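Here's the structure we're looking at; comments come further down.
Per-chain numbering from 1; labels A, B, C and D assigned in written order.
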Amino acid sequence: MHAAIRDLVRDGDTVALEGFTQLICFAAAHEIIRQRKRDLTLCRLTPDLAYDQMIAAGVCKKLVFSYAGNPGVGSLQAFRRAVEKNEPRALELEEYSHFGMVGRYIAGAARLPFYPVNSYVGSDLPRANPRIRQIQSPYGDEKIYVVPPLNPDVAILHAQRADKNGNTQIWGLTGVQKEAAFASQRVIVVVEELVDESVIRADPNRTLIPDLIVDAVVVEPFGAHPSYAQGYYDRDNAFYVEWDTIAREAATLDAWLDEWVYGVENRAAYAAKMRARLEKLKPGDAFAEPINYGEYKA
Amino acid sequence: MNYSQNELMIAAAARELHGARVAFVGVGLPNIVCNLAQRSHAPNLELVYEAGVFGAKPARLPLSIGDPTIVTGAASVMGMPDLFQYYLQRGLIDVGFLGAAQIDKFGNINTTVIGDYKKPKVRLPGSGGAAEIAVLCGKILVITRLGKRAFPERVDFITSPGHLDGGDARKNLNVRGRGPEAVITDLCILRFAEDTREMTVTSLHPNVTRDAVQANIGWAVRFADQVETTAPPNAEELRLIREELDPQRLYSR
Amino acid sequence: MHAAIRDLVRDGDTVALEGFTQLICFAAAHEIIRQRKRDLTLCRLTPDLAYDQMIAAGVCKKLVFSYAGNPGVGSLQAFRRAVEKNEPRALELEEYSHFGMVGRYIAGAARLPFYPVNSYVGSDLPRANPRIRQIQSPYGDEKIYVVPPLNPDVAILHAQRADKNGNTQIWGLTGVQKEAAFASQRVIVVVEELVDESVIRADPNRTLIPDLIVDAVVVEPFGAHPSYAQGYYDRDNAFYVEWDTIAREAATLDAWLDEWVYGVENRAAYAAKMRARLEKLKPGDAFAEPINYGEYKA
Amino acid sequence: MNYSQNELMIAAAARELHGARVAFVGVGLPNIVCNLAQRSHAPNLELVYEAGVFGAKPARLPLSIGDPTIVTGAASVMGMPDLFQYYLQRGLIDVGFLGAAQIDKFGNINTTVIGDYKKPKVRLPGSGGAAEIAVLCGKILVITRLGKRAFPERVDFITSPGHLDGGDARKNLNVRGRGPEAVITDLCILRFAEDTREMTVTSLHPNVTRDAVQANIGWAVRFADQVETTAPPNAEELRLIREELDPQRLYSR
């Protein structure tokens, strides 16, 4: 992880860590903080705790987003301080709805000049963000809003498993992981497990991200904690609730960063320090029935 | 039987899903409401989550709208492009159930900022999927606690359009869905007048006075000609809330 | 199948039988011929043998398509006779490229007024089909071609398996099965196997078509022969080659329809008559490794 | 060593994939060519099929571009929207390998009609994915047998644009890909002149005369200053074609 972030994330870059509720790569966010990256434009539908931490650490210059809350808990306190009080620094905002962000990633991945979404009618969002525009259909009177493509310099995507080349499989909520990967110039995949290429190729319909666009594969078990990885561990909901308290004051937040980010060398050290808590998050088993692709040789 | 105002609100909101086939489940209170409906009077209600889930059968109350329990055992799980385009924009969702930080006289919802957008007094989380849920679902139900700041005459920012300026304003913009139908609060239920689309109290919860309601609304609110009394939660609803859905009492205390 | 085609396909309808190379629902095509449906507008990227047969049988008034060939063999002879000689009747054409048809189904499924595709530049296709139009991006000088939505009255989609409600799973090539289903007013799903709902729900990421949009589920083992079903049977390539000979003359083609379509009551009778041939098409096993979704109860 | 003209053509075409990372495999001859390249000099060549496959490792020669053998053991299999948008339109494909019913002096390809579009003499299958492959791949390679009808000075219908009217015509239209680079036939190899973009014979197959080539081309074809002689297929290429890829000799007789 150290090398991947060092080599592929540069000061001033536009960076997307995606993963809707699950597979949020806290391991990468913490490494970005530890390496004191600066002036990043951070993109994400739901800037969650990982982004609150990066904002608090002064990594982030601008946020491109659609929902900046602590999901199921309330507000993101560091985000609020940055927007309401410019602490620790001013935060530029470029704001959409989820569908708008989804459309931006699709357009980015497909190299389209814009993407049409039937939303924003009657909303004040287009007034707040002039990049949300309206065009006319060439097949009738209908007008429709469009959003511009989003093409990050780097996408960092957590997944259940990949092979060493970077062919990556995700199940459960896949969010915009695929679109963010194809939209970006560089891609870092972080996985719970590295598996043999034969495991991936035995179920190619599950491969969302091909090795072709992957620049680095990093193995980080529990790399998405306190978010979750379907089938591997549950969300650490208690931490999401605790964060609301930790983040209310800059001082307690900074102390937390000192202990859990700056104070640990890497994710393995974090996981070791967190071990008792992590072990409680393992779910029961619920296996899919295997399917037959058939062998077609002759 | 004893129950809290929140329990009553949740149970009353769940009953509003009577007859609905497919509900889009918003973050927070709507989550417990839709799960209660599925476990009580509406076992065939299909739950759709913006996270990319159709036909969820949550084994526990989802801790968020992206909880792993909405995936395991669901009918279909997909990327968000498919969910937003092929379900929501396709017009397959009967009812969108939303929360609201602020909602005004005409049902416009603000979850973006209190104050000026550029220099907000309070920065709220933003739209999430609400801006499109508000225009693309067949109709919208809203659940939120009553309060003067939460119910201003005009919201500071329209994140998710309701009936806009009232009357035919929404129709004139060619918005697809019919918009807000009911607002379920901890004190009363409000619906929108046929002609003006103004929010109107149609049902008071037991032992709640008109004055108590008016004291928590930022404009001179209208009351329907016939104001009903909201039915209290029944034993099974209370059991489901207390034992199955919210044993930690995060939503229903 | 008889009841599904009788009740859901009406004379004059726009009908899409999709499935790219695999899962082409010949069982439904034959039932449409047997029930002597008329004046259908038939849509499909690759009008294949099933469409050649429907064209020869006089079912089809208009074809919306992107590649009308016998894949890997050559031309579709009945299609050529219809276009070149108006036999047995004139055939109206509305022609795109694959990407254009893909875009049309996406727009249809997503209820968009148009869909942008970076294609057709320098091609004569937009001159041949004025529904392919160009619009201007609102974010710069770029122009891009767009295609209109395709919303068939009925889609008929073959799949490996579904539950009785219609939740449908497909693996291998998924083509535009999902988009065609969501684009259409009515949906008939035809499956190799009916499975218990629990099998579907044990692997929800594989469900492409939800029961919500399905009007009829029909079980027809070998219903896609002579095309194939991944993991169930191989393509009967010899038949694709034979068809080139059968279809060269209207008389031999009509004799074939008499024997294999009009002359059999249903797909079960066809499969029984074809049994020896079908048995040779079974592939070897190649199972995917099962994955764990995890049980999340508490 | 004995070999057929078709075997030579296939082997020569496969060698054109030297250095390519990702090839988009067209229907017919391109299929055997790309599979031969993967099994001989280019084991890391990634095969992309419009059917929705990236990284195919076919265990047999695919009978069509949607054969089940391109799925089993592939790196990734997806719906066609993803393949066309996120791979092809995204610009991930180095080389598109196409066949052609007709190809003209500037490499424009016709697979639509012979004669008038509305009243064709011969109705051909149409574009398939070729119209977009022709504009979105980094470059295009074409394999087709030489013949006067197949090589007219101008095609009756441009299905897939080559260099259009030659010169800068393609660049002026802002087409993304660089267009046709080589045409491999059963008698010779042709490339496109740097300035005029006119198709030019650069290599003759062994024992093929200039006259034989000209007799099969519908315009006065140019020959490069230095015309090479195409290297014959080697023993391993012939073994792969005859034993593994085309034992029934459908393409290579």
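The definition used in the following text is that contacts are C-beta pairs under 8 Å (C-beta built on N, C-alpha and C of every residue); 3 or more make two chains touch, one makes a residue touch a chain.
Since we're looking at a predicted model, the values are computed, not measured.
Looking at chain pairs A-D and A-B, which one is connected by more C-beta pairs in contact?
A-B
Averaging over Cα atoms per chain, report the distance between chain B and chain C in Å.
Going by mean C-alpha positions, chain B sits 41 Å from chain C.
Once you find the CA centre of chain B and the CA centre of chain D, what distance in Å lies between them?
A distance of 58 Å separates the two centres.
Taking each chain's centre as its mean C-alpha position, how far apart are chain A and chain B in Å?
28
Which residues of chain A are in contact with two or more other chains?
Those would be 106, 111-112, 118, 171-172, 174, 178-179, 202, 205, 230, 234, 283, 286, 293-297.
Multi-chain contacts only, two chains or more: what residues does chain D have there?
Counting only residues that touch two or more other chains, chain D contributes 53, 67-68, 71-73, 77-78, 89.
What's the contact topology between the chains, one of line, ring, star, complete, other?
Chain contacts: none of line, ring, star or complete; other.
All pairs of touching chains, please: list them by chain label.
Pairs of chains that touch one another: A-B, A-C, A-D, B-C, C-D.
In the complex formed with chain D, which residues of chain C make contact?
The touching residues are 20-22, 45-46, 65-69, 71-72, 75-76, 79-80, 83-84, 95-100, 102, 106, 117-125, 128, 171-179, 228, 230, 234-235, 237, 240, 283, 286.
For a test of understanding, state which residues of chain B touch chain C in their complex under the given definition.
Of all residues in chain B, those touching chain C are 21-22, 46, 53-55, 57, 59-60, 67-69, 71-78, 82, 85-86, 89-92.
Which residues of chain D touch chain C in the complex?
For chain D paired with chain C, touching residues are 27-28, 31, 50-53, 63-68, 71-73, 77-81, 84, 88-89, 112, 117, 120-132, 134-136, 157-161, 164, 170, 173-176.
Over in the complex, which chain C residues touch chain A? Could you list them?
111-114, 116, 118, 131, 133-135, 137-140, 142, 144, 146, 148, 160, 171-172, 174, 199, 202-203, 205-206, 230-232, 234, 283-297
In the complex, go through chain A and note every residue touching chain D.
Per the stated touch rule, the residues are 106, 109-112, 167, 178-179, 182, 200-202, 204-205, 207-208, 210-213, 293-298.
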